[in-house]
Amino acid sequence: MQKVVKTALAALSFTAMAAVPALAADPIKIGSVLSATGPAAFLGDPEAKTLQLYVEKLNAAGGVAGRKLELVTYDDGSDAAKANGFAKRLIEDDKVDVILGGTTTGATMGMVPLVEKAEIPFISLAGAVVIVEPVKKWVFKTPHTDRMAAEKIFADMKKRGMTKLALLSETSGFGQSGRKETIASAAKAGIEIVADETYGPKDTDVTAQLTKIKGIAGAQAILVFGLGQGPAIVTKNIAQLGIKLPHYESHGVASEEYIKLSGAAAEGVRLPAAALIVADTLPANDPQKPVVTGYAKAYSGAFKAEVSTFGGHAYDALMIYVDAVKRAGTTDKAKVRDAIEATKGFVGTGGVVNMSATDHMGLDLSAFRMLEIKGGKWTLAD
Amino acid sequence: MSQFLQLLFSGLTVGATYALAALGFSMIYNASGVINFAQGEFIMLGGMVAAVLTAAGIPLPLAVLAAIVVVALVGLLVEKLAIEPARDADITSIIIITIGVSMIVRGVVEVTLGKGGRALPHFSGETPIAIGGATLLPQSLWVMAVTAVVVAALALFFGRTRVGKGILATAHNRLAAQLVGVDVKKVLLASFGLAAALGAVGGVLIAPIATTSYDAGLMLGLKGFVAATFGGLGSGVGAIAGGLLLGLIETMTAGYLSSSYKDAVPFVLVLVILVVRPRGLFGLGPSERV
Amino acid sequence: MLRVENLTKAFGGVTAVSGVSFEVTKGTIHAVIGPNGAGKTTLFNLITGVYTPSSGSIVFEGSEIGGVAPERLAKRGISRTFQNLQVSMNLSAIDNVMTGAHLGLNSGLLAGMIGLPDLGGRERATRIRAAELMEFVGCGAYVAAEARSMPYGALKRLEIARALMANPRILFLDEPAAGLNHTETHEIEDLIAALGKTGITVVLVEHDMKLVMNVSDRIVVLDYGKKLAEGTPAEIRVDPDVVAAYLGAESEGV
Amino acid sequence: MSEASIPTTIGRSSPETTAAALATAPGFRARHLPTIVLAIVLALLPLVLPNAYYYDVVIRILANAVLAIALNLLIGYCGQISLGHAGFFGLGAYGSAILTTHYDWTAPSALLVSAVVVGLLAWLVARVILRLKGHYLAMATLGLGIIVTIVLTNEASLTGGPDGMSVGDMRIFGLRLYGEKVWYPVFAGLVVVAVVLAGNLVESPAGRALRALHGSEVAARVVGIDTASFKTRVFVLSAVVAAIMGSLTAHYLGFITPQVASFHKSVELVTMAVVGGMASIWGSVFGAALLSLLPDLLAHFEGFETVIFGVILVATMIFLPRGIVPSLARLLRREGR
């Protein structure tokens, strides 16, 4: 008990120390709120590790604009309300120069009103379109949107001559936002949604929903919109039921873990994802090749873990900020914001970023590659 | 028809795992009157330990056995360190303690074994068995068969052995059991070890189908609690029936009604059952009026 | 005042009270005696609403009260104590007694929050009265005590004070002397006699024959759930059935 | 009812008895001094709070304190557990959010209507489930909370689904409540009011009845305490308080997700009441402060947060089974003697 009290006191004094106002020659303070634990941990964890790794790397290389970087990270435990509180702490108490993060859309949207009011650059690592549509002055994002994923999949379907899609989405924020965007953009792409089922993130069996889908005449493909372990269970269940329809996943499973968990059942699954995941097989002339291979090597070297696109989003966010600071020549928030908005031709793990006053993400469909799992490996489908 | 059969298979597979979870709840409830909110973590721990060991190259049967032993030891430890010192606390405090224990177990697994999901190899391959237009994984047969064996073994244990009878007697009347020479302390310890081992068995069986991760325990635990309540807390038959029923209700709801509300339906039903039969379907005991 | 007719209560296959009838006259002290397991406490629990009768009737001041919940009986002036202590150990002694005045006070939650019941010194008066009653029953020394720190004998008296606080028309005492030593029993006897003099109707279940014979106006004897005899102490003392039953029970008990 | 509820024919009054009796009543100092101290501390706190983040931390503590006090009336005083109170909190939050956002209601009327609806729902539910004992009650309330969470997650057209929805500022009597420094006095005032009201209640006949029924239900009933009615009323009261706090918190945060109604949040609330001290108003305030601060204090122990949190829960319940405040108070009293 006494020990616990001591650690609590230590933490308290730490908090108090952090309250000392920043001096002029102080490091550039990078704040981040990530879901390092909780249901979204498999996204937030690589993000947190990436930030930690690259802040160290940048500092080892002499920092940015002659100043060291200092990273302040909080774990919201995948709870959007906590993200809101930590954002306040970053803004008011830690007085950071930029906020990276919001692993999930919920956490991001919880922080948006705060950063808009505090007028501080904010680069989100979450997927949904709502983050940048409508455009919010101080809010940017690095990952591809769920709408882009849907559009990429629709394009691939049409190429293969299919128009009828059975949708199975997760009841998580990611899945439901994806479901909404998929349904919304289907008509325009000439795709008909013939089934609209959901499953819970912690479900251990999804055969009931799949049996229903199996019974629907005319379905030509299945799209699963979810994150983490759920899609792996769905994939196994599809194999078990002997459903032979082409199977699409979202960019939410673009990590080695998905293949590992699904095993042989993942053969032939297609999904849109960033080039990062197929770094090794990219043609040498691909503009992203040096960036993605460099990041992949650094990440797996440092953490002995397979690289995922999620960590890449954090890399992109950090580098876009650093790039903007260099161009602006200052950490003045308004000037850096303008510089971020003026980002052009920035090559990140997610693609080539071209931001503008109306586009705070700056990625187009070319940033997405259609991948297919062959022989337990990610391969380029086109 | 084949759709119904498919849903039936899925329901029974899921239901069997719920039944194992519910049995764990009931066993501890019987011996101590405690609802162990950490039961789900025992299930998670079983799956995780086995998955980590197989990934490290240890043969599956050995890994499974080791996982069950490890989790049983954890169960004993939990009883010794957290439950026994608080024997006289009231229900609310004990619920908080078990919730605290579940956080500790989850946190330790998170820190030591990582946050990623893990899968365990299927015990006998992944080639589905086709029956009447529906398919069934060999692993599902494992789940159902082992559940049946466990139930039979438990029946023998409680009916024939001294320790088993002691647990039953303690459940019935702690004081009386003490008077006839049952060592109530040992009974409590044994019931936690046994319940943890049961949880591990469930976790190991379901891990190939459902995969597992450090945070898989909470939902499984809640489902087990629902199943145990369905059948009536403390009733072995009730736990089995409640588990299977819960699994069937979930899959049938997802298959025929709405997959969005399949998780809500069991909770609505459990409320209805509690209103109609305040002690669950198979719950016994006199109505408490005094 | 109270008329019990053909009262029967069965638990599963066991009939704890079977066809018991008797009447209690206002202002008297009535005792129910009988060997262990004769159904005395069950009879009490039936009359005070803790159990619902299987059959038969209980008429209190002209209306049927069989199966009526205890809290509603309290409103009609029925109060009781318990054989196995039922004191709220999480309360102070005087708070326990004060709960007896519950029905006479404003017990609304909202009223309580804004301090309404305390207006006009009502709480203060109740508190003083509770202390007076504690003194009256002989546990005045514990006015400032916590219930959990009181000895057994004092708690038994505390229950009586609580019951009196409700200003009952009829008071049921379930083995008030059980577990008490000789001196304490004697004091309880005096207390019951004093209660009788105040005009409260008292019904008691008691093992201590001497006490019962000394204070009771009328006695009902139960055996195996049935009424064995009824009469004045003098009559009961010489009733051959009673003597036989008691001798049998005593020798069994040894 | 009021006619001669206190028998005057038995016992004698004497100055000594009267004095002894009055000495047992909690004195002005014992009852009100801590509240006055609290009010003064809360009034002076803005002088030392360096920035909006610290205001935010304090506001979260204050909001949780009100919730814990109300829940403690149910758990600590009635002896009834609820593992679904966040459900009521969530209904209040979403009630306000939905009515003001989608139907253009004014914030106060939305708050009021949400609270009334939650009150009715709680009353309905209480009538049925408070008959249940111990673990069955835990299950029923837990189920209730989970159903609320599932509905909030699924009805995305109204609630925004799992990603949550934003909530507009609260306007009351032409006053716009925005920002920590404006909300702070509101929540501070609420806590003082809650402490005073709960303190009055506990010392009132109703409070005595509540404590009595926790100690011995049958004894309470025979003195005329309608235990079922009391449990129902307290359940409804605590649910309504949760709903009101939910509405206010939603406006304050400006953004809510279905997690406000989650099982996790329910457990957090129960933990505040129990760890701080069952049947102790100050315990609830302390518990709320401790458990609201822990995540911030442990923010630098990334990874071990859950473990440390769990250890604190278990250790408190084992070593201070009555909760921190009552156990320490008792210890101090013993040392003082």
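Think of it as A, B, C and D in the order they're written, each chain with its own count starting at 1.
We take it that a contact is a pair of C-beta atoms (placed from the backbone, for glycine too) under 8 Å apart; a residue touches a chain by one contact, two chains touch by 3 or more.
This is a predicted model, so every value here is computed, not measured.
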item: Higher-contact pair (C-beta pairs counted), C-D versus A-B; value: C-D
item: Chain occupying the most central position, where position means C-alpha average; value: D
item: Length of the line joining the C-alpha centres of subunit A and subunit C, rounded to whole Å; value: 73
item: Centroid distance [mean C-alpha coordinates] between subunit D and subunit C, Å; value: 39
item: Distance between the centres, which are taken as Cα means, of subunit D and subunit A, whole angstrom; value: 38
item: Multi-partner residues of subunit B (each touching 2 or more other chains); value: 110, 218, 260, 263, 290
item: Touching two or more other chains - residue numbers and ranges from subunit A; value: 37, 171
item: Multi-chain contact residues (two or more partners), subunit C; value: 50
item: Sites on subunit D touched by subunit A in the complex; value: 50-54, 56-57, 60, 153-154, 156, 161-164, 166, 180, 253-257, 259-260, 264, 295-303, 305-306, 308, 311-312, 315, 319
item: Residue ranges of subunit B touching subunit A (in the complex, touch as defined); value: 3, 6-7, 9-11, 13-14, 17, 110, 115-119, 126, 128, 130, 135, 137, 206, 209-211, 213, 215-216, 218-220, 250-252, 254-255, 259-260, 262-263
item: Contact footprint of subunit B on subunit D as seen in their complex; value: 75, 79, 81, 83, 128-129, 131-136, 138-140, 142-144, 146-147, 150-151, 154, 218, 263, 267, 270-271, 274-275, 278, 303-314, 317-318, 321
item: Subunit D partner contacts - residues on subunit A that touch it in the complex; value: 1, 4, 7-8, 11-12, 14-15, 19, 36-37, 48, 73-75, 77, 79-82, 84-86, 88-89, 91-93, 104-106, 109-110, 112-113, 128, 130, 171-173, 175-177, 180
item: Residue ranges of subunit B touching subunit D (in the complex, touch as defined); value: 29, 35, 82, 85-86, 88-97, 99-108, 110-111, 218, 222, 225-226, 229, 233, 260-261, 263-264, 267-268, 270-271, 274-275, 278-280, 288, 290
